[in-house]
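Report on the structure given below.
Chain IDs A, B, C and D follow the sequence of writing; residue 1 opens each chain.
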Amino acid sequence: MAGIDLKGKRVMLTQADTFMGPVLQEVFTELGAEVIGMGGPVNDPEAPASMVSEAGQVDILLAHLAVPAPQTPVTEADDNELAHLFEHMVYPLPRLARAVLPQMIERGSGRILVFGSASALRGMKRTSSYSMARGAQLAWVQAVGVEMARHNVQVNAIAQNFVDNPTYFPQEVQDNPKFQERLKREVPLGRLVSAREDAMFAASLCSDGISCFVGQVFPVCGGWVTR
Amino acid sequence: MAGIDLKGKRVMLTQADTFMGPVLQEVFTELGAEVIGMGGPVNDPEAPASMVSEAGQVDILLAHLAVPAPQTPVTEADDNELAHLFEHMVYPLPRLARAVLPQMIERGSGRILVFGSASALRGMKRTSSYSMARGAQLAWVQAVGVEMARHNVQVNAIAQNFVDNPTYFPQEVQDNPKFQERLKREVPLGRLVSAREDAMFAASLCSDGISCFVGQVFPVCGGWVTR
Amino acid sequence: MAGIDLKGKRVMLTQADTFMGPVLQEVFTELGAEVIGMGGPVNDPEAPASMVSEAGQVDILLAHLAVPAPQTPVTEADDNELAHLFEHMVYPLPRLARAVLPQMIERGSGRILVFGSASALRGMKRTSSYSMARGAQLAWVQAVGVEMARHNVQVNAIAQNFVDNPTYFPQEVQDNPKFQERLKREVPLGRLVSAREDAMFAASLCSDGISCFVGQVFPVCGGWVTR
Amino acid sequence: MAGIDLKGKRVMLTQADTFMGPVLQEVFTELGAEVIGMGGPVNDPEAPASMVSEAGQVDILLAHLAVPAPQTPVTEADDNELAHLFEHMVYPLPRLARAVLPQMIERGSGRILVFGSASALRGMKRTSSYSMARGAQLAWVQAVGVEMARHNVQVNAIAQNFVDNPTYFPQEVQDNPKFQERLKREVPLGRLVSAREDAMFAASLCSDGISCFVGQVFPVCGGWVTR
C-alpha cells in the first residue's frame, strides 16, 4: 500500500558516514529497509569483497562513492589527482559489482543504484579530472544495466548536482551571497535540492513496485540538466 | 512514513477511461489521492477550462493525452493526420495549463505531469506525425517547467514506450510471437514495463517528498532510450 | 579535393530572404551549389508542392522555416499563437517532404536539412509555444531520418540558438550591454556563433563526402546545450 | 573557397598507424594540413610531452587513442583490464592537454578533437570496462571545452561506433553474415560509416570556418545514437 516498499530489504550502503550517506541511511530505514552501512572510503582494492562478505545477503547496493571535487585548472591537473579520484570513485564500482552480482544473479533479483554526478552530463570549468571519474561511472552504469537486465538485476544511476550535502555544499558555501546568486542564476529550481528529496527519489528507484529501469541515468540537479 | 504521500491531494486526470487512465486512477487512489477522472478525449477547445472548473482545486494535473499512433509512411502522412494528433495531444496541453496554472500559482504549489512518449526521443519508421505531436509535448514541458519553477509548480514528463496498455499494445499484439521477439531484441528490459510500474513511478514524481524536478523528461521504456 | 563538395548540387532553400536565408544562399553558392531560393513564408498549404514543382530536381532541401519567437507567459499563450507557429514552422515540414521525397527516393539519393532550434533541447521561460513548434520539428527529423535511411536520403537537423542573425538577434539587441552580459554568462563560447559558421557547418552536413547521419540533431549554439 | 580549409595547419595525430590513424592522415593531408603523425601507443606517461615537444607548433591535436575492446562479462572484468584501458585511452588525454594547451592558450587559438566512442552514450553488454574509459573521455571533453572556450581553443569529441576500421571491424567480422544482419537491425544507416566520412567530418570540425563548438560530443555511428 505504501508506495515505496522496502520492507525486509537488505541494503548495503558504502561511505555511510559522509556525503549522502547519513540521509540515505535515515530514509531507507524509515521506509522499512535494513541498512548495512559501511563507513569510510572504499579505495582499498580488497574493501568491496570484504564489505559484501560482511553484509551477507544484499538485495540493494547503494554504490555511494564520493570525494571532494578538486578545482584544478586543466593545465595543472596531474596524474596523481586523477588516480586519487579513480581509486575512490571508479575502481570500486566494478569491484563492488564482482562481489555482489553473483548472489543477485543467483537469486534472480537485485539492484545497484550508483550515486553519480551531473558534472558528467554538462561541462564546468576546473572539473576536468572529476568529470572524468564521474563520466566513467555513468557509462559503466549504462553498459552494466543492459548486461544485467536479463537477470532481473537493475543497475541505474542518479546524476546529482546542487543537492544539499556537507561534502559539496558546506554551510559556509551556502551562506555566501554569491553562491545564492549563482543558485538563482544557474539552477532553474532556485534552491538546492534537499538531501531528503534525493534520498526519497533514490528509494523510489529501489522499490519493488518499480523494477523497470535499465542502465538509466536520472539527473537530480534542480533542472541544471534535464536529460 | 509512506514514501509516496498523496493523502488529501486532489488529482485531475484526463482521458481517465483509456490508455493509462484506469491504472493511474487505481494507483493514485491507493496512495491516498482523491482522483477526479475526466473521461473522453480533450480535443474540444473548451474542454480543458470546463474540466478544471468542474474539478475545483487541482493539486496535481495528470495531463494524459493519447490517441492510437498512425503508421503512415512519411510520403503519405497528410495535414489531416497531423491536425488530428495535434487537436488531441498538443493543443490541449496549453489549454489545460491556462486553466489550472492560475490556481497553482496563487497557492504557490502544484504539479503537472505529462504522459508523453519516448518516440520523441528516438526515431522510428512510420511515426512522423505522431513523433511531431509527442516532440511538441516534451519541449513544452521543458520550457514550462523552467517558467513555473519559481512558483513552486513542478512541470515534468514521462516519456514512455513499451509500457503495457491496451491502447498501444493490445493483447493480440502481445500474443504475436514476432512482437515478443521484437521486445527481446529492442527493449533491454526484455519485457513490457507494467502499467503499475509506470503509474507508481508517476506517483513518486508527484509526491510531496520529491519536489525538485524542473521541466524534466523521464524515459520509461525498459531501456529503449535512457536519456 | 575541396572537402565540402557541392558542385552541381541543386539546393532548394525556403525563406531565402530572411533569417539564415541570405547567408545560406551565399555560402552554398560559394561552395559550388546551384541554390534555388524561395522567398517569403511557406505557410500556404499549397506552397511546398508548387515550390518543389518550380524547382525541378532538388538534391538538397534546406528546410529553413522561422518566425519571430513570441515571449508570451505560458498563462497567456493561446491557440492563435500556437496555430501561427505551427502553420509557419511545423505543417510545412511534412508538406515539403511529401513534395520532395518521391524524386529523392526515385534517384536513391537526397538530403533534407532542417534548421531547428536548441530551444527544443533546453527549456527557457516564456517560450512555451515556440518550443512546442521547435520540438515537433526535431522529433519529426529523428523519425523521418530513420524511415528514409534505406533510400540513401539523409534527413537531419541543426538545433541552433545564439547564432548571429537579424531575425532573432537584431543589432539593437546585440548592442544592449545586458545582452552582452547574458552571452558571457549563458553561452560558453562567449560570443554569438557567426552566421557563416552555421552555414558552413550546414554545408558540411550536405556534402557528398559525409552521407552517414540519420535523423541526427546537431546543436549549434556555442555550447548552450551540447547533446 | 574550399569549405574545409586546413592549409598550413600543423596537425598532431596520435596512434597514426592504427585504427583511424591512416585515414585521418590521408584526409587531413589532402585538405592542406601538415600532419605530424605519431606512431605507437601513448601509454607511457612521458610520451605526450615528448610528442608535443617533437611536433613543435600544434594548431590541431587529434587525440586519437584506441585499443581493442575487451568483451569480458562484468562479473569477470578486473582491475587489470580497466587499468590497461585507462593507461592507453584515459590518462593520455590530460597529459596531452598539459603538453599542448599552453602553446594554444598563448597563441589564443587551437583545437583538440578527441576520437571517442558512442559506447559511452548507449549501453552494450560485455563492455563495462571499455565504456568506463570512453565515458571518462567524453565527460572530460565537455568540461575542458567549457574551460578553454575563452582562450579560443575548441575542445570537442566524435563519439563513433560502426565506423569501418580494421581495429574494431576487421574484414573477417564484416564478412560474417550475422554481422551484416546485426548492422541492418541495429544501425539505421544500414551500413558501416566509411572511414573517410568520419575523417571528413572530423576535418570539418577542425576547419577555420567552423570555430563555434564548445565541449560538444558528436555521435558518428549511423544513427545508433543520435544525441
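Criterion: a contact is a pair of C-beta atoms (placed from the backbone, for glycine too) under 8 Å apart; a residue touches a chain by one contact, two chains touch by 3 or more.
None of the values given here were measured: they were computed from a predicted structure.
Trainee: Would you say A-D or A-C is joined by more C-beta pairs in contact?
Mentor: If we tally the C-beta pairs in contact for A-C and A-D, the bigger total goes to A-D.
Trainee: Would you kindly say which chain has the C-alpha centre located farthest from the C-alpha centre of chain C?
Mentor: A
Trainee: For chain A versus chain D, what separation do you get between their C-alpha means, in angstrom?
Mentor: Computed value for the inter-centroid distance: 29 Å.
Trainee: Which whole number of Å gives the spacing of the CA centres of chain A and chain C?
Mentor: 39
Trainee: What residues in chain B touch two or more of the other chains?
Mentor: Those would be 122-123, 142, 145-146, 188, 214-215, 223, 226-227.
Trainee: Please output the residues of chain A touching chain B within their complex, sorted ascending.
Mentor: Residues of chain A touching chain B: 1-6, 30-31, 142, 145-146, 149-150, 188-190, 193-194, 196-198, 200-201, 203-204, 207, 209-220, 222-223, 226-227.
Trainee: Can you list the chain C residues touching chain B in their complex?
Mentor: Its residues touching chain B are 45, 73-79, 82, 86, 90-91, 93-95, 97-98, 101-102, 105, 119-148, 214-215.
Trainee: Could you please specify the touching residues of chain C with respect to chain A in the complex?
Mentor: It comes out as residues 122-123, 185, 188, 223, 226-227.
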